[in-house]
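Each chain gets a letter, A, B, C, D and E, in the order it is written, and its residues are counted from 1.
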Amino acid sequence: MTETIIFYMLTAVILLSALGVVLLPGLMHSALCLGLCLAGVAGIFASLGSDFVFAAQILVYVGGIAVLILFVVLLAGSASDKIVRQVNDQWLPSLLICAAFFWAFLKITGYFSGIPAAAAPSPSVRAIAALMLGDYAVPFELISVVLLASMTGAVLFGRRKAQ
Amino acid sequence: MSNLILLNPEIILACAGLLILLAGAFIGESRAKLLFHLGTISAAAVLGMVVTQAVMAAYGNGTMWVLDPAAQLFKFIILLATVFTLLLSVNYHAIQPRHVGTYTALVLWASCGMMFLSGAMDLIYLLISLELISISCFILTGFEQKNPRSAEGAIKYFLMGGLSTAVTIYGISLFYGATGTTNLFNYVSSVDLHFNDPAYIMGMLFILVGFGFKISMVPFHFWAPDAYEGAPTPITAYLSVASKLAALGAMMRIFASVIPHYAISSTLVIAVLAALTMTVGNLTALFQTNVKRLLAYSSIAQAGYMLIGLVVADPIGRESVFFYALAYLVTNMGAFAVAMVVAGKTGSYELDAYDGLARRSLGLSIVMVMFLLSLAGIPPLVGFVGKFYLFASAVNSHTYLWLAVLGVVNSVVSVYYYMNIARRMFFSESKDVSAVETDIYTAGVIFVTSAATLLMGLLPETFMRIVKGCVSFHS
Amino acid sequence: MTLSYYLALSGLLFTIGLFGVLTRRNVIGILMSIELMLNAANINFVAFNRFLYPGQYAGQLNAIFIITLAAAEVVVGLALVMAIYKNIKSVYVEDYNILKG
Amino acid sequence: MSLLSLIVVTPLIGALLILAIPGTRTKLIQGVALVFSALTLLLTGYLYAAFDKTVVLMQFVEKLSWIPAFNINYCVGVDGLSVALVTLTGLLTMLAIIYSFNITVRIKEFFFWFLLLEVGMLGVFVALDFFLFYVFWELTLVPMYFLIGVWGGPKKEYAAIKFFLFTLFGSLLMLLGILALYFNSMPHTFDMMELIKQGSLLPRAMQIWIFLALYVGFAIKIPAFPFHTWLPLAHVEAPTGVSVILAGVMLKMGTYGIMRFSFPALPEATKWFMPFLIVIAIINIVYGAFCAMAQKDLKKMVAYSSVNHMGYCMLGMTAMSGIGWNGAVLQMITHGLITGSLFFLVGVIYDRAHTRDIDAFGGLAAKFPVYAGLMIIQVMASLGLPGLAGFVGEFLCFLGAFNVWPYYVAVGTIGILVTAAFFLRMIEKVFLGPFNEKWAALKDIGFREMVAIVPLVLLTVIIGVWPKFCLDLIDPTITYLVGMIK
Amino acid sequence: MLEYVYILPLLSFAVAGLILAFGRWLPLKGASAGILVAAWGFSQGLMLFVKAIQGTITLPYEMSIPWFSFGGNQATLGVYVDGLTIAMLIVVTAVSLLVQIYSTGYMHGDPRFKRFYCYLSLFTASMLGVTLTNNMMVFFMCWELVGVCSYLLIGFWFEKQSAAYAGKKAFITTKLGDLGFLVGLMVLFYATGTFEISKIQELAHAGMIPAAAAGAAGILMFLGAAGKSAQFPLFIWLPDAMEGPSPVSALIHAATMVAAGVYMVARLYAVYALSPIAMDTVAWTGAITAFMAASLALTCFDLKRVLAFSTVSQLGYMMMALGVGGFTAGMFHLTTHAYFKALLFLAAGSVIHAVHTNDMREMGGLRHKMPITYITFLLGTLALCGIPPFAGYFSKDEVLAAALARNPVLFAIGAMAAAMTAFYMARALVMTFHGKPKDAHKHDHAHESPAVMTGPLILLGAVSVVSGFVLTRHEMFEHLVNFEGALPFELHHVNHSAVALFSSIVAALSMSLGVWLYKARPDIPAACRETFSPIVNMLEKRYWLDAFFLKLVDIGDSLSRFMFSFDFNFLDQIAIDGWAWLTLKLSKIQGWLDDHVVDAALNATGTITMSAGRMARLAQTGLVQNYLLFVAIAVSIFAAIAFAG
């Protein structure tokens, strides 16, 4: 019961803030909504018993990405954002397309309907760590190269005085 | 874990990238070219390692990856393209000396990602490799920071890439939901169970989007012309060759090998998309006035041809894709190299820069015609043998004969715009009649690629045998 | 709570994100929308893991990888936004239209 | 290296050599081109002499493994059908090169492409492996494109690309046909002789499809109605020497392909196709002649007359008998000689007057007796005057086809009449009547031009009077080929 | 003797080449060579004739060498000599010889004198080929060569537009007939399996050729003969052919080439004799031609054209004779006619040479100025009219008798033609040589021609007088030239003497009428012209046959223009321009339209491709969100496909 209540609350937070991200004219507000939304998703993870993912979500996403975006918005955002229309001309076809997507997802949802959770969640950190350094060692290392590359790019473009 | 030794080439390449990045911070701007040399050497060394592995038949697999002849073939192609790209970059004007280290490192990392990709047997592993490629390539595309075209190309590339990555990831999640694994080793045994599972079908289609984006398959190709035009030319060549072929290799692995053919409900979809890809690519190319853009569309069309073999997916179909990949590698590289030389002289990638080129440099013109004809599939050049192979596979399959017919029609259309360049070079006059010089690096690339274009066309047997040897994926 | 609730949530989140990607004029807005879509996938992974394959941890692990990838992507994306902002003083994607045809 | 390979390689060496000579040394380039084309001609002449006319099978066969993966071999050989065409190619190329010494711009490139073209043409006629055949077939395309495009007339670029696209379309379809044959043979092979043996075993529907695919490729080259529209343009825009090759040799590649392969390998389809082919042939004959009649441009008239003459050739092929096929082959050769020389002759006047408008001249016979004489002989040959080469081929074509398609042939004779009409009208307007003083300053035909034209005229007369030396070569092979279908 | 007869045509060919190449160094610019060869040929012919009459050689004689083989058949080159051949041989060589001698005078001073002799030799060679060959393929070849020589010689003075035109007309008209010949030849080949005359004859005599095939072949080949021998309706070229030099008219258009058609029918008589329809076609065409041409000559004022129509008419006679079964009669008429018609032409040439005009209205009173010409012309006229005992009398009688034996209607037509012949010849004779000079200036300058010209006239005059009489002695000619096969129809019995009497009376009366009218009462013909102006008009328009053929040519022309415009506008363009138009509309959406693209779009498929390309290009808007939308649409379509099924 509690679970249900929590789920619905989190869902409401997630969806509303997601809509906020997409629809709010001010970029600043959007970015804040994003943070809220990501936090909500973290909550979902928690409710699903994935503690490690929950932590990562909070640390990396809410703490990192959202904040980063916020910074950039502060740097590049302008006052005119609130006056200028923030939605482009193709919203109608987009809406239809999104509806189609959702229809497809509903099919999938229907296919998986009525499956209850099998067992109570158990702490996963240890198991995940074992996997990460075992079978998933190569992708784990690979991701560090990805991060390195992205960092290099950020440094490259971020320099004040790019020649 | 001992198998990790088989991944040595990738690891070394990644480390080389890191070292070069670091070295870039210490080497003076005047000697920045050294970094290119270093990069080239390391890529060449790794290429040597890969070849050695192949010669010693060092094959094997880890939990998420595999090293089989097919993977090695694609690693070979990727590394060769990397070497060419770095050689072409040496005298490319728009790369500032202080950024050479970054540039080289990124190229090496992208190549490293491609190499991982070519052996990927797990969707997450595959996804991460793809991301490594994408992220490096985004940055490389936008490398000419002063050039708004470069930045615009990069951002468009990035946004398209972002969306398709998101879709792909969602697809992988659905795939995971349907099968309980992202690993392709375990997957095969249970394929029949979720053959009609909507999550599975949807997942496969979403994954297809990711590949479609990488190989610039219609309708996921829109980024390609813009990014190609904006990117530094060596990177354009790199994107059109290495990135595309690596993704194609992985796609072959998944859609034409790992998953049994009958179990792919999407084969017809891919066939239709292949048809669309070559048609749209060729038709749009007809109107291009910018050589890079023209070659971009042409490379879209070329991907369409290659998809024929993928759709056919029997051994000869796979062989044909492999062979065509080789052909495409040398030919397209060469074409871009010549385009670079011409642009280096005239400062323009517009088609009028080619007016009267035959008068200014007959050799370069003839070589360029060779590349173009090879792309168009005229014997005795390698492009012809490749197309011959592809069409042969389609004719052999009977089911996809229509793709071959469409390919024929498209080849005819493509000749129009390829020969349009030739026309300008040979039939038109230009005001400037000064000779066009080529620097030693570019000349080397042009020489090697043109020789390969001709020789592989005349004596394709060796390569065919190699390709035949690579055809069986480990699965 | 059954699996389908989570899937529906994820689907909706994906759809909202997609809508944002397609309609948001501001390039940073698009970037954020993409993040929403990635999160939707993550919900899927974790939910599937929890409901269908409880013994495994692959789903969760995937989610973590994806979180990291998303971070890398955002970093690059923002860097590129900065780069183009230097060239074209605009954050609206319609203004990036030198290349076409 | 066998004789045939030598023949194919000689011009290639010449071409590469020319590429190595600096472009400013025009005399040297011309010399090299001449020497190598002459060498090729000598070799083909030797081939003609050494060829055993009594043997119907392939001679001088050389077979080297080329691409074993596809069972592709470098396989060359000749029989009576190809030997004649090889010799014709050697001869016309050399004469065209001699004539083309009047090219003044970009000489190096010109002769390079020209010799490369010769390689392709010779290769097509000697190849016995279908893959090799196709490679040579396409090899002719590119040099021709440049030869028309660089040195052609006002609409050269359009003509060149049109030619290229048309022919490429056909040849790619042909490629599909070849592939279909390959995959239906057991073991898979591209060997023409082997495919000919196996082709007849294919089911009828399959044969028809393959036949059509091949036919489109060949028909575009011939060119058979309605694929002929590239021809007038290409012929008119091409420089003289190239027009000669185009009409004299390239068109024969189409009919050669059909006779060499399509007919013997796909007998069922051939039988099925005959009623269509006869209609196409008749259309070519009548329609080509009428179109020629409407022309005001000399060269275009000759070009359309080629459509008409290739119609005779196809007419002969529809006979499916030794008579008609002999006629068809002879017609190929004589058309090469006659139309080739006509293009030369038109070139001569165009070089001087810079116009080809039939109405612009008048009474030239009085002023240029030699030129007029040569022209009249060749025109007479072209309209099928007995005693000259055109007649024998034409007559045999008609005679052969008459047995099977009497009524069509009767209709086809209209073509003869119209051909006579437009050629005579041309002679009347250009050479007869009062002399047009506007051209008083022109000179009669020069030495270089004579060297290029006179051998063809002589051959025209010789073959006309003594066709034996041509037909003896062809007849045994043709009888054998016809036998294969029946 | 017979063994070397093949040398005759070869030698002539050689001489033609010799004159062309080395003429300027030979005596008389090469004319001497031609004359010598012709003389030798004539002597050979004469010897053969004598020996054949004496019976010292066996006829027929055949000799051949293989020429080339085609698809299991063997074509041969060779000679076939029988009586018919010898008769024709003499005609050809004799006339050729005399004409060549005559021409040294007539063509004296012409800048292309050498070439003239070259053509004449070539013609003689080809004509000998026609005469001597043993197979129909070579026959056809020489037949065509003869036509070309005729073309070249009619247009010899090609600076004159009318001459050039006449040459072309002659060639194409005869070519029209030759199409029939060609098809007929093919029918014959497939009916007999050979081209060799002796074999064809053998098969025909043995009845091995189906009557239908023989009829078809006969009629079709007769088309060729009708072209060459100027039979209805293809005779329109012959009057125009008079643009050529008069010796040419005498040789080619009176004596030899035009007779080739008759000779061909005679050569294949065995085939014709198998089919009554073919025979009737020949006979009726001949009769109609004889009548029509004679009527056309009535109103003509051009001396040579009168003779030309007369020739046509006489050729019609010959054809009629052959068609009614009068094989010997026809060939006999051919022989005699060759001499006196050549004589008439040469005499007319002499007149024209003197007065430089062809128009009889500008002549008159020349008999005193040119006595030899006058007398020889008179002899020729009398021979032509069939006045005994001149040559024409004998031959024409036989023709008429043969016609009567077959069908009285044919006889009636023939008789009417004979009457008209006598009338118009009298008219021509009177207008040219009698009466007052109409053009004093021309009359004053007129003079008798030189001996090289009058010599042949005299010789021919003599032959015209005696040949009929001599050749009928002991049935000499019939002995030489006869048909041994069976005719496909029965013949009536005819009283020869009565026919002879009747025809000579008709001729004499008609001739007297002509002389009287034009000499004493020239006003009556003028009045008649007024009164019967529609008829005169019809005759001057040549029964509108010329107009008819011109119309045909026009139709051909417009057809050709139509086809070309179809080719150019439809096949190559319209389909294309239509698309180009569409494309243009499409392209208005975007400002760019490369000129080159429009140009290239001249190709139908090209244009479709181009417009498709433009559409494809439209998608590349440059707006990344559009791209994204396209991607999303594509994916949703995927989803739809995946879940619809």
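To be clear about the criterion, contacts are C-beta pairs under 8 Å (C-beta built on N, C-alpha and C of every residue); 3 or more make two chains touch, one makes a residue touch a chain.
Quick caveat: nothing in here was measured; it's all calculated off a predicted structure.
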| item | value |
| --- | --- |
| Common touching chains of chain D and chain B | E |
| Neighbouring chains common to chain A and chain D, by label | B, E |
| Chain whose average C-alpha position is farthest from chain A's own | E |
| Which of D-E and B-E has more C-beta contact pairs | D-E |
| Most central chain, judged by mean C-alpha position against the global CA mean | D |
| Most remote chain, CA-based centroid, reference being chain B | E |
| Separation of chain C from chain D, taking each centre as the mean of its C-alpha atoms, in whole Å | 65 |
| Whole-Å gap separating chain B and chain C, where each centre is the average of the chain's CA atoms | 26 |
| Separation of chain A from chain C, taking each centre as the mean of its C-alpha atoms, in whole Å | 6 |
| Separation of chain C from chain E, taking each centre as the mean of its C-alpha atoms, in whole Å | 94 |
| Multi-chain contact residues (two or more partners), chain B | 124, 128, 131, 135, 138-139, 142, 145-146, 155-156, 159, 163, 167, 174, 177, 198, 202, 225-226, 287, 416 |
| Chain D residues counted as touching two or more neighbouring chains | 161, 165 |
| Of all residues in chain A, the ones touching two or more other chains | 88, 90, 94, 97, 101, 104, 107-108, 112, 136, 139, 143, 146, 149-150, 153, 156-157, 162 |
| Chain pairs that touch, as defined at the top of this document | A-B, A-C, A-E, B-C, B-D, B-E, C-E, D-E |
| Residues on chain A engaged by chain B in the complex (per definition of touch) | 104, 107-108, 111-112, 135-139, 142-143, 145-146, 148-150, 152-153, 155-157, 162-163 |
| Interface residues, chain C side, partner chain A - complex | 1-20, 22-26, 28-29, 31-33, 35-36, 39, 42-43, 46-47, 49-52, 54, 57-58, 60-61, 63-65, 67-76, 78-83, 85-86, 91-92, 94 |
| Chain E-facing residues of chain D, complex | 158, 161-162, 165, 226, 229, 232, 287, 290-295, 321-327, 363, 365-366, 380, 385-387, 391-392, 395-396, 398-400, 402-403, 406, 409-410, 413-414, 416-418, 420-422, 424-425, 427-428, 431-435, 466-468, 471-472, 475, 478-479, 482 |
| In the complex with chain A, residue positions of chain E that touch it | 625-626, 629, 632-633, 635-636, 639-640, 642-643 |
| For the chain B and chain A complex, residues of the former touching the latter | 1, 4, 7, 14, 17-18, 21, 62-65, 96, 98-99, 102, 105-106, 109-110, 112-113, 116, 122, 124-125, 128-129, 131-132, 135-136, 138-139, 142-143, 145-146, 174, 177, 197-199, 202 |
